[in-house]
Structure formats: C-alpha cells, structure tokens
C-alpha cells in the first residue's frame, strides 16, 4: 500500500479535474442506470433485473474480502474472474435493503477484475455473478459485520 | 490480581478485606499522585477545559474514592481500601423487594454505549456493559477490559444475597473493590433503579440468555 | 500482488498486530481497508490549503517553521511535538499550524480555530493540512523533542493526565489504554504506556476514519476520548492535548512513521 | 468530502496496466437522517466509465451501497507508458466529473 500510494501521489501526469456540475454530460449516450435492478429488494429480483435467470457456481470466480469487518460502512472487496470470455461482473450484498451494488462491463483489453469498497448493513453473503459466453456463473462469500469502539 | 466479578459470591464478599490491585501501570510509570500533584493536575484541567452540554466543570472535582485511587495508583493500602469500600457500600440505596427486573430491557441497556457524554441528552444512558464484558453468548462483539459474565447466574443462582450483591456492584462497584475500573452506575446518577434491576435480571434471571 | 505491495501489506498487517501473540480477527480487514482508502484526496486538499494565500497578510503557510526551519516539510511531522522558542512552548503539529496561521497570515486565533474538527462532508483546514504535512514524513523515524526542560515537563504532565482518574465514571486514559491485550467491543485497545503498542499506533496518525468516512487528527482523538471519559471538553491546542500527545509520541519514539493511515 | 476532487494513478507492470482511481463523493443512501433530523436525499454516483486512449474498457453502473469517497481498481491487458487513461462519473443529481492520467 505504501508504495502504491506514494507512487500515486508522485505519478507523472496525474491530474485533478475540476468538478463541473451538470455540465459535463458524456458525449456518447451512457448505458441507462438500471433502475429496476437497483431498486429490487431481494437478490432474486435484482438478478432478474440484470437478466440472470440461472447461475452456476464457479471456483474460477474469486472474491477476496475480509471474513470479518470492523465497520460495515467500508468493506473492501476484490473480484477476479478466470472464466474465459468474462464480459461482466455484478456484485450483490444479499442482506442489504437494495442488494445490487454494481455491474461492471468489460471491453477492449480490460481484465475481468475490480476492487472496490462496499457498504454492508449486517452480516451477509456477498454474491458475485460473472457473465461469459452467454452463461452466468456465481460465487459467494460470507462477511461478518461486527461492532467496535465505545458505541457512544 | 484484580478482584473480579467472576469470583464466587462468598469469595467476592470475603475478599473485601484483601488489598485490591488493578494490574495497571504495566509500563511502570503509574506512580500515584501526592495531594499537591492532585491539586496541580486538577488546576490544569480547570484552566484548559470548558463545560459542554451536560458535561459541567464540576466533573473535574474529585471525590474521596477518586482521591484515594489517584494517590495510590489504584493500589491503596488494605486498611484504607477497606474503609473506602465500607463507606461506598453504606451509600448504596438498595430498594426493598425483588431486585430482578426485565432481562430483555437489561440487554438493551447493556448494549448501549451512550449516556453522560457532552453529546448525549441528559437522562438517556445505557450501561456500556458490552464495551468491557462478555455477557449474552448471542453477542459476539464484546470487550475484555472486565471479566466475562457469561453464565453468571447459572453458576450462582439468584438468591436474595446474590441479587443484592449484583445490584450493589452495578450501583457502586467501588463498594466491593475500592479502585475498580468499573463506573459507579447508580452512585453517579447514570442509571436509574429500574435500569439497574433490569441489568441484575440480565445476569441472574434463569430465562436470560446469559444463563442458557 | 506486486512483491513490493505484498511486503508493504505484510508490514501493515504486522503494524496492526495486537499486543498479545493472538492474531487480530481484523488483520485482513485492516490491511485491505488501508490498501483501498481515499487518503490521497486529503493530502491533495492539504497541499492546496498549505499554498493558499489568505488572512490580513494574504500569505500562505509555505514559510511556516514546523521545527526544521521555515518551509521545511520533509521530516517535520516526525520531529513533533517539540519546543518552539518563538512561542516558548511545546507544540504538536496542529498547535503549530494555528501558530503559523496567526503569525504568517495575521489571522486571529479565533479565526484559525473556529472550525478545527470537520466532518465527512467537509474536512477542516487543520485536518487536510495535517494530512499533507504528516505525509511528508512518511518513512521517517519519529523523533519528538525530549531534551528541553519544557519538553520534559510536557511529557511528565502527559503521564500524569494519562493516569488521572476523574469524572462521573472515574475514568482515566489508562482505564482503556493502560494494559496490553484488551478490547473494547471488538476493537483492540493499545496500551499507550508501552512502546510496543504506542509505536504502531502513533506511526499511523492522523488518519482516515472508516466509521465516519472522515479524516481525523490527534487533537480530535484527545477531544473525543475526553468526551467518552464523560469529562468536560479540553480546549483545542491547550496544554492537555499537547501534553498527552507528547507523552504518547515519546513512548513511541524511534518508530518509522507510516501515515497518514486508516482507523476503524 | 463533498463531490469533487479525483485522483488517479495508472502503472504498467508485467504486461498489465493497473488503474487506481479515487473520487470524493458522499454516496448518500437516502436513508440517513442529517443533524436536523431530516432524511438526507440520495446522492450517489450511478455511472462510471474508464477509457484507455479514447476507447472504453470498463462501463459500470453502481448503487448507493458503494462506500463514501469511492476507490476503484481496474486492470487492462497491455498498455505502455504514455497511454492516456480517463475516468469519468455521472451521479443521480446530474453532477459529473472526469480525470486523466498518463500511464507511468
């Protein structure tokens, strides 16, 4: 981490953009935000919303995340798929009020990999679904959320 | 070794006459304060603190128990510790009748870490019990500053003397161990009589998850 | 993972290791969170704040003397707290920053300290400055001042305050931080009177605090501990937090500074 | 932090370009009460796009369950020093931002 963050700070050409509220609509049309899937309140409904009917468990879909989180507001999760032809990865937290956290579509030279921080309201399975060759694959990992600190 | 809540009742009561030691000062620099030190430190606090919300400046003033523990680095001579414990015990307001309240309410009080800070509303306090103790086996996020209280009533039963001991310990832990690290929840006005009864129930009621 | 990153991650995991031999259940969580924290955003804002001209003198803080000479940032944080002859007192980073705001920028103390603790929406000027300045000591051993009479006095007052029990709950700092191997809820409590626990702790402040998604400083930590101790509020930059920060930093001296880092 | 600054680093190593991007954003869920006791309206990034030399490589839709001040890492096969990486986001209140970095 140390080297990474130092190199990030010093990286040549790293620039900070100025926020342009509302003005910077992308030139190309964005894929619309999938309101139905993100508004779904169960994992099954969310999966239906992103067109997943059936997903086969796969060991080639790897979730690297802590088994126990000291704070549910930030839970780091790294996902990598070794399934040939993976085109997208979706992340769900089963017990969240709205389980779907995100869907990442890869093209060009992008590897089917993403690392992000998610909110997990209570101890829950994290469910990851990969799409490859028109089929869906699934992996899950249980993450325990606990209480730390003085609670005041 | 620190005298603990876990000791069998008889031993706990008998041990009032032995010298308490908290095991503090592992770095070897907990040396205690002379009366002059205490005055000087209190003056530093007064000069550099201000009241906020319910945390008034009067909280800086020390009472006899705090003075004794500060003087002897939490390890006062046995005779003085005993006198302090007796004085603290005398000041406990034991209610008449059953001391067993509602363990479910007690569990909520034990869970809450709020109360008495400058950001809390006055009169809405919990006991912060899980911050320091293991209590119900269902709660895995417990602290270890104090001893585990799992199975507390299962081992000891809930005879009136035990109820009285638990109520008293919650009301004023310094009555049983002069320099206990545990706050005096009744004595300090943090918890009400009913709340202390509810916590007593959490520890002693056979139906409480603590005793399953 | 790249070998260098792996080594750094291992070092971090070790840094978070509890006082006892037992491995923290949170070791993975803390390592991964540290790798993926938005700390640079605060350092970046801090650099802007450092160079921002303001106050009656329309000056930046770039000529602030943090103990290594005017404008010297490299290693400055690792040398604090220390005695400053110009102010004739021991100062920690935040206290010194306020001093520079008043002297270099001509701002009143009131103006410089009107919003010292920020929040998730808006960090304070002191917080982002702390992130930036502390980052410039990354990788350097912490050598707070210990030779001047006033440095010795600050350490001793810090020690006394650390153990002084008071307030409705009879707490001192040592109630939670006096013995190694203890936990509050699931959080490990460093025994700050031991070098072993003080070192990894002091090497990682100031920090991005995960539970509030905000950047927090040592003055904030002292303030919030007194709140949790059910005491009145210590004044920002006063002898109380400065003495306690001195006590803990001296207990940790020699440790290589690795911050800004993360906290729960 | 309020929505605003971004920071990115792109490093080519062993035939893979590592992209790490930080973005200041509240990622409000719309379920939290503010200090005034009123619900804080939802405010979160919904769309995220990563481009290398102008070509889209990652297109993401995300929810309010991504943590505040999001940090993402992506990996792209190939890539050489000097390549241009661009990340842009667009949120539910119509705010947007973008940042660029040169692969180092």
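As written, the chain order gives the labels A, B, C and D, with residue 1 at the start of each chain.
Here is the rule we use: contacts are C-beta pairs under 8 Å (C-beta built on N, C-alpha and C of every residue); 3 or more make two chains touch, one makes a residue touch a chain.
Worth saying up front: this structure is predicted, and the values here are computed from it rather than measured.
Participant: If you tally the C-beta contacts, which comes out ahead, C-D or A-B?
Facilitator: C-D
Participant: List the centre-to-centre spacing of chain C and chain D in whole Å, with centres computed as mean CA coordinates.
Facilitator: Chain centres of chain C and chain D, defined by C-alpha means, are spaced 29 Å apart.
Participant: Rounded to the nearest whole Å, what is the centre-to-centre distance of chain A and chain B, using the mean of the C-alpha atoms as each centre?
Facilitator: Result: the chain centres lie 45 Å from each other.
Participant: With chain centres defined as C-alpha means, what is the inter-centre distance between chain B and chain D in Å?
Facilitator: 49
Participant: Approximately how many whole Å separate the CA-defined centres of chain A and chain C?
Facilitator: 33
Participant: What parts of chain C, by residue number, touch at least two of the other chains?
Facilitator: 2, 36, 40, 44, 184-186, 213, 227-228
Participant: In chain B, what residues contact two or more other chains?
Facilitator: Residues 113, 117, 119, 130-131, 140-141 of chain B each touch two or more of the other chains.
Participant: Show the residues in chain D shared as contacts by 2 or more other chains, in ascending order.
Facilitator: 5, 7, 67-68, 70-71, 73
Participant: Which word fits the touch map of the chains here: line, ring, star, complete or other?
Facilitator: other
Participant: Per the touch rule above, enumerate the chain pairs that touch, sorted by label.
Facilitator: Every pair of chains meeting the touch criterion: A-B, A-C, A-D, B-C, C-D.
Participant: Would you mind writing out the residues of chain A in touch with chain D in their complex?
Facilitator: Touching chain D from chain A are residues 4, 7-8, 11-17, 19-26, 30-31, 33-34, 38, 73-75, 78, 93, 96-98, 100-111, 113-119.
Participant: Within the complex, which stretch of chain A touches chain C?
Facilitator: 1-6, 8-9, 16, 64-71, 73-76, 78, 115-117, 146-152
Participant: Under the stated contact criterion, what part of chain C meets chain D in this complex?
Facilitator: Residues of chain C touching chain D: 2, 36-38, 40-42, 44-45, 120-123, 213.
Participant: Give every residue of chain D touching chain C within the complex, in rising order.
Facilitator: It comes out as residues 1-2, 5, 7, 13, 22-24, 26, 67-71, 73.
Participant: Taking the touch rule as given, give the residues of chain C at its contact with chain A in the complex, in rising order.
Facilitator: Chain C residues touching chain A: 2, 4-5, 8-9, 11-12, 25-26, 28-36, 39-40, 43-44, 135, 138-139, 184-187, 210-211, 213, 227-228, 258, 264.
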